[in-house]
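Each of the next two complexes has chain A plus one more chain, namely chain B in the first and chain C in the second.
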Partner chain A sequence: MSQNHTRDESKTTATNEVEDLSLRWFPIGRSDDAAHRHVHHAKLLGRELAVWRADDDYLNVWENRCLHRGVRLSIGHNDGTELKCIYHGWRYASRTAGCTYIPAHPADAPARTICNRTFPAGERYGLMWTTEQGEGSPPEIPALEAGSPFALRSLPFDAPAALIEEHLDQYQSGGEVTVTELGPHNLLLTSDQASIVFFIQPVDSGESVVHSVLTTAPNPQNELVVLHHHARALTALRDRIETVASRLPEPTPLEPALEQIEPTDLDGQTPPSRDEAELRVTVARKWETGEGIKAFELVPLTGQLPTVQPGAHIDVHLPNGLVRQYSLTNRAGEQEHYVIGVKLEPDSRGGSACLHESVREGDVLAISAPRHNFSLRRDALDTILIAGGIGITPLLSMAETLSQGGHPFTLHYFAQSSSHLAFPDRLEELGDACRTHLGLSPEQTGDQLKDILDSYTTSQHVYICGPGPMLDAARDLAEGHRWPESAVHFEYFKNTTEVDKSAEFTISLARSGVTTTVGAGQSILKVLRDQGIAMPSSCEQGACGTCVVGVIKGEPLHQDVYLKPGERASGERIVTCVSRSLSDELILDI
Partner chain B sequence: MIKLYNYDLSVNCYKQRLMMGILGIDYESIPVDFFPGQEHKSEAFKEVNPLGHIPVIVDGDYTLRDAHAILVYLAAKYDPSGCWYPSDDPELIGELSQWMLFAEGTTNTASAARLHDNLGYAFDIDALRSGAHQLFRVLDEHLWFREREGKDWVCSADHPTIADLAIFPDVMLSEEGGISRLPYPAIRRWTERVRRIEGFTIMPGIQEAASLAI
Partner chain C sequence: MTTTVEECTDPVALSLWHPVVAVAELNPQEIQTTLLLGYQISYGLRNDGSLGAARQDQPRVELPVRSRYGYLWVCLGEPRGDVFDIPEAEEADRRTLNAASIMVNTSAPRAVENFLDMGHFPFVHGGFLGVEPHTEVVDYEVTIENSEVWARQCLFYQPQAAASASGGQISEYTYRVPHPYCVMLTKSSPTDPSRQDVIGLFIQVMTQERIRAHNFLSVLDEDSSDTVLKRFQQIIFSQDKPILENQYPKLLPLDPRVEVPIRADKSAIAYRRWLSELGLTYSVIPGDQNSTGQATTGQRSL
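Right after this comes the complex of A and B.
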């Protein structure tokens, strides 16, 4: 908006005014205008804003348009953690404004780049504030800092802010008034009776809202009388000012710049990042959340972390050089930090031992952005979540998301004993929806799984995460009980398949126009990277699905545990870190 | 069964659908081709209502016209709780009558502006819009002070009344007549409360509100 910082005197005052004002903080409503589960509709300098408070009290100030079809988000639903557009139901997370769910693609995680424009938010003197391009926090007004500020009723005016400013000395507060200018559109009015600070919100070129704050709060019994008195005084002043304004030519409405969303950002593809450890986080809290299980709360060194969707995992780059994957166990709507739960593996190859023993509160870790390869549908009539041991971590997050959205679900949690249950406080909050199965033998586990999966009804989905044998058993049972493959979702901890790397074959990259050879012992992933292709990857053992690419021609040799049987049989996708080719050539869609 | 001479896009017919939905009254809808057919001006319809307006209800051998009068009848007859039309409380019924007349104002401004914009009625649109804004300013201030007193509804009762239902549709569809509700945050919150009333019915342009908690 203001690339040119030198003031050009030949430009109209209006343009200069907008340039200056875009750096200023302005009130956009009283704090109670953003009521519980409500979306306040505001406008500042011609720009419409959707202002909403999440259940954790976080105040969001967003551009008032859904990225999908431009519908106003101010008519959307505030469900306490997400704002849902009324038109096609796209959901956006509090804090990040990242899209978390697209009902037309219920099985897919929305791309990270689908993110609404946010503006800084602040609350002071009973008012909500924002700034288009400014920094810091709302202004501190000495007269209010020293007193006991009491916000009066804010009043909309059909008049330009500057005109209101000129006439505010006519405010009838009783007796002689003195007006002191405190800043642009910000005045202090004092009389024998009262001392009021006015903040004029320039809504558009010809519309404003006057916010007024008494420096001294009235006696609580008199509050209503005082509010009525000042509402009358301000209304009388409004009548006078609007009469003047109505004689002026109608000003041209302001045209704030809308940020363009690149079409490539909306095609559902996250641009692959070579920088696998792009985020730096501090371990803000480390605690024992179950026997042999430590939880870590990771906060960003700067800025805001990318949006979390339930079922996401991250790569954690450990101080000892190892890279490990952990599911995020964030609560529904928890976007200010990441939470992971780590079980100390008796035969730890150095990952869990390092986190348990070496990493301390205050340490800085490098992590990847969240990867969403185990996404939760929110359109199921019933959802069954089956967790084995530490497999609870993605499923707890899913359970809480379903609970928040009022979707029916049951979480089955298999663990050694009650002391081995992770996040017991959160399990308790789920009430009857959480069922624990403790200390069962493999046979007993199988019987229990049989009960859980014995009948399938339409629009039912099951999500399973746990040790390989349990997962295999659950999948077999589901198949035996006629669960369709599309209703069975799973995430393995690791791939125990013995990977055959012996064959040599050719890969042709259809989009890149490259043909090359994958030699014995090499992975497709490595060869792609050698060709300069920025391929994302995470576990690099065929479990997480991050490095999947499309196959146009050829017969893949699948050696992963990510793809479902139907996906394997179709031969349309391949997990490039472990899988290879049965045919001499594979043509890849990359 | 009650018969409602009905047009889906009419705010005044919606007021009756809303009331009957909330009170759980079964009714039969008799569609009137209001636009483009102008069926409400036909000779046949004038036998039902000589004024040539909808809605009209027929309850047995009892026929009643005019949206706000029908609300009074439905609530007085079919609401055993006596909340929607609290006829035994003189002060409350006075207030209620005052706001029912206010609703005539919102119908004749905000909803008339909608007829102008949507159906091409030849009205003085500037006068209608400015008239609607004057009423909305009064309503917003009234509801804002109600909130300060811990009250949620147009009348001073701690429950909604037919006055809320009479005003709500005109306000809720005002943007179809070019009347923005941006300057009226207290009205916006009240429309959300109305949309959370149990038994609430939607119509084109009016959706349910987000639930408060699950």
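Right after this comes the complex of A and C.
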């Protein structure tokens, strides 16, 4: 036996090794270990990993620890787009690992800081790879690039990686073997019979997994024989090495550091994004999805898009300087791109017209992070979704989320005609859960709504989005049929209320102690911003609820369409972009 | 795997009373051994009915012992006061029993938090203490009283709340943590709604990462047999065990930046703060108020 590999014999300490190796890519399993709807458990350099493949084949490599109470995510459920923790059912989106749902608080959108730690993932030579802090992609091995790589069975060893490397030349491959070191824990073994690349995964200080890839795939008739031969050779090698390892003192296990989390307040609310146009996206696809309706698929220029929860909307900054709000049609956990649907409004002031006519595939747009003011509960015994026209967009995201989770729901979609239905292919997928109501007069629509909202049963929820008159009618009906306010959720496209800006009043800011005046013609929002307060806003017409703040004292003059009647009456919150004060002073919780 | 066990030096843990065994399970004259805070101890029942315990490395030094609520309690240091009171359990017409003593590879505070936690009922105890989609945890009240953590008005929808329950109901619990490693709940008794049943989890801390959980019951139920009552608690606890053994880190992190609590975890937040204030270090990863660097997994018993 000859051995011509060189090795740095200077002994490195465990910590140095970790620092050194944290930049390297290592295999963490065979690609087929991460089957759809499964979660694979792996460990690298002492750190446990939950590895799971979404239905779109995206490979997720996450720290194996739910941020809530530390439960291993590898014992959770992979539902195809989200990973659900087994302990309290928290859900995390594929790609971003952002939390999409907290069952204990079904009405609240989870804070966007609740995000598991993710690691880069790659697949090459039939293996899955990751790196703790490295960049780029898994290493390319010339011997494998040139050949037809064929991954053999991976085998765990109770031995440190370095010890395995040292003894690899004892691998019985028939005849003389030559071992060449290609990189850290990565060696090429050649003999007359075969040439194999070994990748050693340092699981912990005293544990490893040996992954082996033949440079040339065996011909199919021979495959079993070859597999057997190598399995035997590797097992024999393992027995020898483990015997050696068992005589050495047991190495101290590695202790990877836990990352700290940004604390959130207990309401799970994070301050919404302050930066109005923080993301750059490319229009990857633009298509007509219904008569007068264009769909846009937006992909990030770099990195991942922020985690979406059903019912979210974004601000789109148009090339002509206008800012418009559009609901995302993405279901929970669908993070590859954002999809919006835009209807060409006949009286468009340049928003929808610009998107329809000027924006092309390949263009770059600035958008805000998703805002979650129309949240979906996933704890209802029955959910009714009512869409009027382009109001389908947020409800489609809800319908698909409920459908994916196996929750009972019905989507009622009111439209002018079947050609006016947006995203018909996706509606089709919903099957019987989607009912369309076409070409109805306002009167007929009213009757239909009456049928739908006829009786309320406990733990039922209704979500409505559509044109103002339809929404008003539906809300009145729900109220008449004893739907509790907490079970009726709505989103208006716009606020058609004539906003009265005449009165002048004072606002006091409880947290900073500042008192200032809101003059005629000014909005509270504007005055707050003039005070240097980074107030989020979106529609700025009292429809979306992004700029809501708490009221400690005073009587608000509500002019929005966001708050529910009970919330208005209580006077505890105010939509600052349009609403004002009936009392001389408002004390705001800000 | 062989493990050497670190002996506890935390003065707070050493001064506590620790449950070790259900007295009813002791045979006179038989000496048993167990692990407590990393110390090997022996204990037993003398012919005269008195209880005794000693560390194995100091067999002649009698440790302070108590017999309360059916358990033998041992202190490895200077006890501060008596075992906490459970007024309900003192009532004469009750059935008080040890439903099970179960070994779990976790730390005691993780088990206490799990006991305090309603949010996991539908996911871990589906069909018994909760069921999907009834997952909401409504707000409840948490206070610190007489240096104990209390949570009141804890409401949750339960399909089968107890061995004797028939059908679903909204249960109301009061939780109480009178001891860093002991927790209990009271709820109105199905037999007599004006009175309280008590369920407790009294934890014997064997090491920082291994416990024996004694499931205590004090109920007014006269109909269900011991076996039925015990089996129900055993089923419930056997559902918690695999979760507890899959938490990382095993020791409870007291630094609020290591895990994310929500409103539903108010009682756990209060418990973690309370442990910090007690200065307890055994079985927890103490939070470092001034730390700006990384939180590490902390100590490990090797």
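Going forward, the second predicted complex is superposed on the first by the 565 of 590 C-alpha atoms of A that agree within 3 Å, B and C clash if a C-alpha of one lies under 4 Å from a C-alpha of the other, contacts with A are read in each partner's own complex, and residues count from 1 in each chain.
Everything below uses one rule, namely that a contact is a pair of C-beta atoms (placed from the backbone, for glycine too) under 8 Å apart; a residue touches a chain by one contact, two chains touch by 3 or more.
Values in this document were obtained by computation on a predicted structure and should not be read as measured data.
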{"item": "Contacts of A:69 with chain B and chain C, given as first, second, both or neither", "value": "second"}
{"item": "Which of chain B and chain C A:257 touches, first, second, both or neither", "value": "second"}
{"item": "Contacts of A:284 with chain B and chain C, given as first, second, both or neither", "value": "neither"}
{"item": "First, second, both or neither for A:86, with chain B first and chain C second", "value": "both"}
{"item": "Touching partner for A:106 - first (chain B), second (chain C), both, neither", "value": "second"}
{"item": "Which superposed partner A:378 touches (first chain B, second chain C, both, neither)", "value": "second"}
{"item": "Chain A positions touched by chain B in one structure and by chain C in the second", "value": "48, 75, 86"}
{"item": "Residue ranges of chain A touching chain C (in the complex, touch as defined)", "value": "48, 64-65, 67-72, 75, 86-89, 102-106, 114, 252-253, 255-264, 266-268, 378-381, 407, 459"}
{"item": "Chain B partner contacts - residues on chain A that touch it in the complex", "value": "29-30, 32-33, 35-38, 40-43, 48, 75, 77-80, 84, 86, 153, 156, 203, 207, 209, 223-224, 227-228, 231, 235, 403-406"}
{"item": "Touch list for chain C against partner chain A, complex", "value": "113, 117-120, 122-124, 132-137, 242-243, 246-249, 253, 255-264, 266, 269, 294-297, 300, 302"}
{"item": "Chain A partner contacts - residues on chain B that touch it in the complex", "value": "137, 141, 144-145, 147-149, 181-185, 188-189, 192, 207, 209-214"}
